[in-house]
Structures are given as structure tokens and as C-alpha cells.
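See below for the structure under consideration.
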Amino acid sequence: MPWLPPNVSAHGGEIDGIFYVILWITVIIFLLVEGGLLWFIFRYRHKEGRKAEHTHGNWKVEVVWTAIPFIIVVVLGAMSWGPWSAARNPARAPSDAVELAVHASQFEWQVTYPGPDGELDTGDDFEQRNQLHIPVDRPIRIHLSSEDVIHSFFLPHFRVKQDVVPGMEGQSLWFEATEPGEYVLACAELCGTGHTRMMGSVTVYPAGEFEAWQARNAASN
Amino acid sequence: MDATAEAEMQAQEGNQPNYMLVWAGLAVLTLLEVGVAFVGFSETVTVIILVGLAIWKALLVALYYMHLRFEPPRLVVMVIAPLPLAAILVLAALTDF
Amino acid sequence: MDRMTVPAGMDQAEVGIGVPNMKLGMWVFLLSEVMFFTALIGSYILLRSARPEAFAEPGEVLNVPLTAFNTFVLICSSVSMVKAFAAIEHGDQQGLKRWLLVTVGLGAFFLGVQGYEYFELASHGFVPVAEAYHAAGEPLYGATFYTLTGFHGAHVTLGVLAMIWITIRAFRGRYTQGSHAGVETMGLYWHFVDLVWIILFTIVYLI
Amino acid sequence: MATTVEHTPGQAHAEHHEPSFWRKYIFSTDHKIIGIQFLFMSLLFLLLGGLLALVIRWQLGWPSDPSMPMPGGSALPESMVNSGIILPEFYNSAVTMHGTIMIFFAIMPLLVGVFANYLIPLQIGAPDMAFPRLNMASFWTAFPAGLIMVAGFFVAGGHSAAGWTQYPPLSANPEYTGVYMGQTLWLVSMIILGFSSLMGAVNYITTVINMRAPGMTWFRMPLSVWALFITAILILLAVPVLTGALILLLFDSSLGTSFFLPEAGGEPLLWQHLFWFFGHPEVYILILPAMGFVSEIIASGSRKPIFGYPAMVLAIIAIAFLGWGVWGHHMFQSGMAFTLGAGFMATTMVIAVPSAIKTFNWMATMWRGDLHFHVPMMHAVAFVGMFVIGGLSGVFVASTAVDIFLHDTYFVVAHIHYVLFGGSLFAIFGAIIYWYPKMFGRLMSPTLGKIHFWLTLLFFNLTFFPMHFLGVNGMMRRIYDPTQYEFLQPLQGWNTFITISAILLVIAQLIFAFNFIWSLFRGEPAGPNPWRANSLEWTAPSPPPHGNFDATPVVYRGPYEYSSPLSDEDYLPQSVPPVDEAPGGPPAPDDPETGDGESSEPASRQEG
């Protein structure tokens, strides 16, 4: 059975956790409801001489099966708050992050890297098309902007997704990779004929190697 | 025309509002608005006063010219029902702009 | 007379809310109008709070005195409309006709003034489309202004046309003290359009 | 009481002279004919939407595979399908139009255009709608809207390709999609359709408020009427917001304004707020009537009063009301303020509760019932089972955190189809089969009906359940070729499997089409009350004459008095006078005479 792609981000585990909590709750509810239906279908199917019980309801049980779901959903909502604000609250953006800029356009991702000085918008910045290179175990902060239409910056293995809205200032997202390797960057928002091929590669470097790569490319510019 | 509606009519005959008075009120409020807009209070004060006056005028029209004051309560309830929705849309979205 | 049939001794109120179909229908329709203008006015408010710099100060571009006068015209047309209704309520045919004519006239006059206003503004480069725009503020200002006032104008136009039809019927003596649902329904629509303008005038011209 | 008959113009009319063919069937003001006109129109659109789904599935099953050319593709112009290969431009249009047509031209008119028209007057005991001519206008506005929408396929540049949600800037600037005329036609058609819905809504609301038969108090109305009434209110207040937004978008795309275009100062997110403020109420417009029909069918199929009628009514109202405060759950990842997102999560979670009440009350209605599994009942029970799956998947995406991963993946596509097909469409099939005898005087073949039901239930699940897996794997929506992504390649087997199931699903629908048409002529004639049900429409002949009832029915009780101790039959129609009232004992329930209140005091006198 195909399932969640392996999570290689620091925050992803918590999100998957909530996913599984909801999964188990809903599976149980699913079994109760469908099971109940099947049981009634079998148990109360028409037979000669069966007469249905004439009842208009029972408010006590109704209150019960109103209250229980209410409690469940309130809990689910509360659980989601933590990871949500961790991922989205601008106040909680990491200060010591490796800062990159990604500019989306039909149909490519233009990634701008700081040179050795680690600062964006300086002379030694360099660009790479459809290639996101990042170090492992260090917070990454990506500043997003769009040229034309709405795109969506989607890293399935990192549980990251953020629409990139043209004209919206200061859009950014942050995460931390936990596993070196090759991953994928996809566009999750319909953005035109080429939406399907608006993809890039993500390379997560083991400790130290990112800086080397950075230096090499900065030089070659 | 059925009995109750007939009765409604009578009711209106009774306290038929003074339309001219309402008209004068609307005219004065309009002048007031233009005044407020240009005496140059602070931004917020102006907005608050102007919106207040506009609502006042709107109420005059709805209550007297559209006879809401003389309609059965159920109709009145029905009429104000969508206003909260309008408010939700604008206010919620405002926090985003 | 609505089509509901009621056995003797039971009145409409048992099931309805004591408002005849025509009138109730118009009210229901007006509720949808409220939401329609909410979409337009809401968009204006949101865009303006998002990009204040795109909008000019009141009076900077728009001719407020002229429009204030026009607002007064519309208010007058409202009172003449309600006078027409009051007249037929008392079975006064003459009054009905007179006041309806006045209302039609005022409505048409309002449109005339708005047309003149548009013409003036456009000639100063205040237009809805982005390229041709060269007035204070930014194209967004022109686009929102013409859309809001334009759709109100369209409502007034429809109102005037309907009102002419009602007036014709009035001259044919179709309305009596007992039955004049047409006049009342027309009035509701007309006052609503006036009400919308009261809001628009404040938000678009004064704030 | 004689006065009553006089007062029913429709009646007099029907007896005196036969109207011409055109007046009777084409430009009819009879709510029943108009309902049936909507029925034929929207079924054709349902078929079209289904075929477009096959285009989508063919591409996803064998992405751009020369060895698998699209059947009939050669019939289509090069600009759509080139030597059997579906082009990405056409794929995007197909997805857009599949969604648009299914939601606005198939399901919405089926639920509201057909059944609000047909059922409301019959079930509240009125001779017709409050505004019959407005009602006719409503259909004859929807029809041209449909033609315009279809015309979009034939214009240069193809049809709109911005998704049924039409997010600008993509939809607002033709350069981004290469679609010019098609986009304009899409917008114009949708604006016109909005007027049609509006006329309908005004009519339904006025009719329900003002034209209920004597004794038909609010809490004696069938749940179908309640659902349609509340739905009409949602339409009345939601559609104008969409119309407003569409107009702004039309100006942007063709007049050069910039409401949603950032380069000239517009706000793309403004569209999303307006669209979804309409959009979420819209999805409840697409489920509430279905819930109403299912309540009718389950009660009569279980021969048992609906469990907790007041709670069911309140749940409908609660869903409708809360539905206005959740639209942001479609925008969690849109760049909207994150606090706002959290707020919308809270409201969205809560909205699961009223649906819970309905689900459990339906089950409780079946509990200790005497279940007759006629074909409508099968669909109604399947509705409950399938809707729950769709609802529960909704709870996953309602969690802002989880939605970060699931948003715009096939998990959402699965959700859509479980609620819209498993929910709305199953209920529609059930409702069509349930009220078909009333509409056409004949029953649809139960044998074909059962075959269609089981095949549909099977292939529906085989088609859409695996989509949950695709989504959980991160497969994006609206992509033309998933195999371009390495991490999605292992899933291609599932995609092919889904496509094959989908093809079989569509074929299974042809059985329904055949049954529907065949039964028009060959179906077994049905009496006035084939399901032995209680609500008023079953006291009128099948099909009811112009004017519906011989005399205005008088209502003595709620619509769900099944297996009542007061009757020796297992049902007790709303208009049968209580025993003590009627001289000469209770008439047999399906005695057509029970239609009129002649033999009785007005209902206002007693409480039931």
C-alpha cells in the first residue's frame, strides 16, 4: 500500500503525528458507522409481520452523539494549532537561518543563493534554475515571490507547501532538513499549460558540504 | 387581499409617518456629511462620524419609506438576516488586507 | 390577490407571514441585492485598505458638491415615490399620477447628472481602464469608482424604466385604493436603490 | 369549501381548454413541467461532465502514451487531441469544464432546478409556485447559459483552463493561459446562470413562506422542503457575491481593469475570499437538498418516523448558518494571515457536528425499522455510507497543519467525489427513481435499477477510494502527467486502475440512462402512491394535473407518521383526517379522496 512519502524535515513529524491521530479517530468512526449500517440493513430488513417501532426520537441520545463529536473536533483543532503557528507565524521565523530567495514564474523556479558572505542582495549572490541546494540540520528560510500567476512551492518530503502570490510582499517559509539526499520541488497550484512540468530538484548536503558547493558556484559567477 | 394584510393597511393609515419630515431629515444629514468630510477631523473620527450618519440615513429610508416600521416582525427579522453575513465577509477579509 | 387558496375561516397568517407574495418576493430579491452590493462595496473597502495610496483624497478628483446635489435629487425622488404610494393608499388617482411623473423625472435627472459627471471626469483622465488612466491616485481608483457607481446607475436606469411602465399603468387607472401592489413593490425597489446610493456616496465620495 | 376549488385557477384551467403544445411543454409556467425541463437538461450535462471525466482519466491512466491513443480523439481538433495524444491545454480545459459543468450545470440544477421546482408546491399543498412566470424565466435563463458554456468548447483558443475556481491572475489575463474567447464565454455564462438561480431562489422562498396548505405548519413540513428552503436562502445570499466577483473578473480579463491583477495594483487573494465566501455555502447547496431527499426516502423505506425531526431541522439550519464562516479553509496555504487560518480551522471543525447529528439520526431511523430495500432506499443508505467517508476526509483537510501536506493533492479530489458523487449524486439517483412515478406515472425498472446501483457503488469506490492513497503520497491535483515526477511513478499502477474503474463506472451509468428513457414508455404504470408514503404529493394523481390538487389539501400531522398506532396501515398520510374528525371512519390511506379536506374541520382547530 503506497503511503506518506518519508518525512525528512524537523517539523514534519508533528504534522504526520496529527495526520495519524485523525486517521485513527476517523477509521474508528468509519467502522462504527458503516458497521452499524450493515448491521441494521441485515437485522431490520423487511420480514413478514415485522412492524417498525413507532418512535419520534430521544433527545438524550441525540445530545450524546452531538457532544462527543464536538469534543473530538475541538481537540483536533487544538492539536493543529501548535505546528500551524510554528510553520506560519512570522514572529517564529528562525533568525539564524540560511536565507534563500525563490522566484516563481511560468514555468520554473529561479533560486537565488547568497555568496560566501551569507547575505542576499549582495554582489556575490548567484542563481540556479530549478535547483534547490540546502544544508542538513540547519534552519532554512526561503523568501518567495512570483513573476506572473499564483504558483505553489511544494516540497512533499518536507511537508512544506506555500502558495506564491504575485504582488504579495514578504512571503517566506522556513524548515529544517534532517536527511541528506535528493528530493523534489513541485508546483501545487494550477498555473497554466506547463503547470505539470514546473518541477525542480532539492539537494540536501551533509554537514559542511553545502558551504563548499556555495563557494564553488559563487566563484564560477 | 386577506384579512391580516387588510388590518396591516389600517394600522398604517393610522400612524402614517410624516414623509416630508423624513425627507428634510435626509437632506440635512447629507449636508452635515459633506460638512464633516471637509472640516478636517482626524481620519478615524471623520470615518466614524460619516459611517454613523450614513447608517442613520439608511435607517430613515428603510424604516419609513420602505415601511419596515409597520411590517410584521417576522419580515423585519428576515430583512436584517443577511447583514451579519455581509459583515463577516468584509471584516474577516479585512484582517487579511 | 395571491394564488394561495384558503378554506373558509382560516386566514393566510396561519401559514404565511401576512405579507402578500409580490411584496415578500421583492423583499427577498432585495436581500440578494444587499449581498451583490456587499461584494462590490466590500471589494472597494478591502482594496482601499490594502492599497490606500492608490486612492485620492475626497474632492481631489471627484466633484463632491455636484454629487451631493445629485444625492439630494435622489432623496427627493424617494419622497415623491412614497408620496405616490401614500396617494393611492387614499385612493387619490391624481396624486398617484402626479407623484409618479415627478419620480420618473427626478430619476432621469439623476442619471443625466451622473452622465455629465462621468464625462467631466473622463475628460480629466479619470477612466476605468489602466492604460488610459492619468489622474490622481492609481488605475485601481478609477476601476472601483466606475464599477460601483456604474452598477448603481444601472439599477437606477432599470428603476426608471420600470417606473415609466408603472406610470403608464397608473394613467390607465390600473391601481385602486384596494389593489396597488405594483406601486408598493416598485417603491421598495426604488427606495432600496436610494439607500444603496446613500452608502456609496459616503464611502466613495466622502471617505 | 366550494370556494377553494374556484380559487384554484390552475384547476379551472386544466379542465376547460387544453393549452397548445408550446404553452404546455416548452414555455410552460407549470412548476412540474419546468422541473422536468431542468431534469432533461441537467442529465445531458451530467453525461457531458462524465465524458470529460473520461478525457481526464484517459490522460492520467496512460499519460501521453502513443500506444494508447484516446478513443475518438481523432474526431477532436488538433488543438485538443493530436494523433491520439491529449494536449496539456486541452487537459486543463477538460478539468476546468468537468468541475464547472458537474457543479453548476449538473448537480446544482438537478438538486434545485429539478426538485425544488417539482417538490415544493406538491409537498406543501400549493397549486403552483408563487411566481409561475418568473419560474419559467428561470429555466429559460439557465438554458442559454448552458448553450454559451458549451459554445466555449468550439471557439479558437479552447475553453477556460483556469480550474473551476478560476484563480486570477491566471484567469484574469488571457496571456497566461492562451484562452481568450473561451474564458469570456465561461464568465458570461456563469453570470447569466446566476440570474437563473436567483429567480428560482426568490420563488422557492416566497412559495414556502406564503403558500403552504392550511395546517402545514413549519414543523409539519417534510425535511426535503426544509432542506430546499434553506438551500434557496443560501443561493439567494451566496450567488450574488459570486456574480459580483465574476463581473470584476470579466472586467479584468476583457476591459483592462485590475481588481485582481497585481501589476496594476489589484489583489489576487480578493478573488479567493469572494469566491470561497460563495464557494463553501455552494458546497452545502450541493448537499443539503440531497440530505432532505435521503431523509424522505429513509423514513418511508424504514416505515418509521424520522428520528429526531426537530434536531434534523436544526442541523440543516446550523450547517447553512455555520457554512458562512468557514470559507477560509480553502485558503489555508494561500498566503492568508495565519491567525485567520486558525480561526477558519475552528469554525470548520465545528461544522462537522451538525452533519454528525444527521448521520446518526438517519441510522437511528433505520434502527428497529422495517426496512424495505427498494431501489431508492438502496441509494439513500449508500448516500449515508459514502457521505460519511467524504465528510471524514474533510476533517483531515480541516486541520490547517495536515492541510499543508494534503492541500491541492488527490486527497482533496477524493474528498470532493465522496461528498459530491457518493453524497449528492447517489441521493439524486435515489430521488429521481423515488419521484419518477409521480413525474411520469410509471415506475423505473427495479431490476435495471438494482444492477445500476450495485455496479455504481462498486466502481465508484474502486475509482475514488484509491485517490486517497494518491493524495497521501503527495500527488498534486490538476497535473497533466504525474509520471514526470519520479516520486509519483510508483503510483502509476493505481492511476491506470482508477481509469479502468472510471470507464466501467461511466458505462454503468448508461444502464441508468437506458432505464430512465425506456421506462418513460415501457415502465410499469404507478398508482398515486407507489411507496405508500405520507407527504402530500402522494395524494395527487401521478402525474398530477395542472394545479396539482383537486382541492387544497388540509394537513393534520407531520410527514413521517409511519407504523403509527393510530392507523392499521403502516403509514398515515398528512392529509387524512383524524378518526374522530371524519364521519364514517378513516378513509383507506391511498384512497384518492383523502386529497381534499372537504369532510373535515380546518386543521387550525386541532394540534397533531
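Letters A, B, C and D mark the chains as written, and numbering starts fresh at 1 in each.
Following the convention adopted for this analysis, a residue touches a chain if its C-beta (ideal position, glycine included) is under 8 Å from a C-beta of that chain, and two chains touch if they have at least 3 such contacts.
Remember, predicted model here, so these are calculated numbers, not experimental data.
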Top-ranked pair of chains - ranking by C-beta pairs in contact: A-D
Whole-Å gap separating chain A and chain C, where each centre is the average of the chain's CA atoms: 48
Distance between chain centroids, defined by C-alpha means - chain C, chain D (Å): 34
Inter-centroid spacing, chain C versus chain B (mean Cα positions, whole Å): 14
Of all residues in chain B, the ones touching two or more other chains: 82, 85, 89, 93, 97
In chain C, residues with contacts to at least two other chains: 6, 12, 17, 19-20, 24, 28, 31, 35, 38, 42, 46-47, 50
Multi-chain contact sites of chain D, meaning residues that touch two or more partners: 237, 241, 266-267, 269-270, 273-274
Pairs of chains found to touch, sorted by chain label: A-D, B-C, B-D, C-D
Residues of chain D that touch chain B when the two form their complex: 237, 241, 267, 269-270, 273-274, 277, 324-325, 328, 336-337, 339-340, 343
Chain A - residues contacting chain D, complex: 1-5, 14-15, 18-19, 22-23, 26, 29-30, 33-34, 36-37, 40-41, 44-46, 50-59, 61-62, 65-66, 69-70, 73-74, 76-77, 79-85, 87-90, 106, 148-150, 152, 154, 156-157, 159-168, 171, 184, 186-197, 199
Residues of chain C that touch chain D when the two form their complex: 2-10, 12, 14-17, 19-21, 24-25, 28-29, 31-33, 35-40, 42-43, 46-47, 50-51, 54, 128-131, 138-140, 143-144, 147, 151
Contact footprint of chain A on chain D as seen in their complex: 88-89, 92, 161-163, 167, 169-170, 176-178, 262-263, 266-269, 302-305, 307-311, 333-335, 338, 341-342, 345-346, 349-350, 352-353, 356-357, 359-361, 363-364, 366-373, 381, 384-385, 388-389, 392-393, 395-396, 398-402, 404-405, 407-409, 469-470, 472-474, 476-481, 484-487, 490-491, 494, 560, 562-565, 570
Complex contacts: residues of chain D adjacent to chain C: 1, 3-4, 7-9, 126-128, 130-131, 134, 198, 201-203, 205-206, 209-217, 236-241, 243-245, 247-248, 251, 255-259, 264-267, 270, 273-274, 552, 554, 597, 602-604
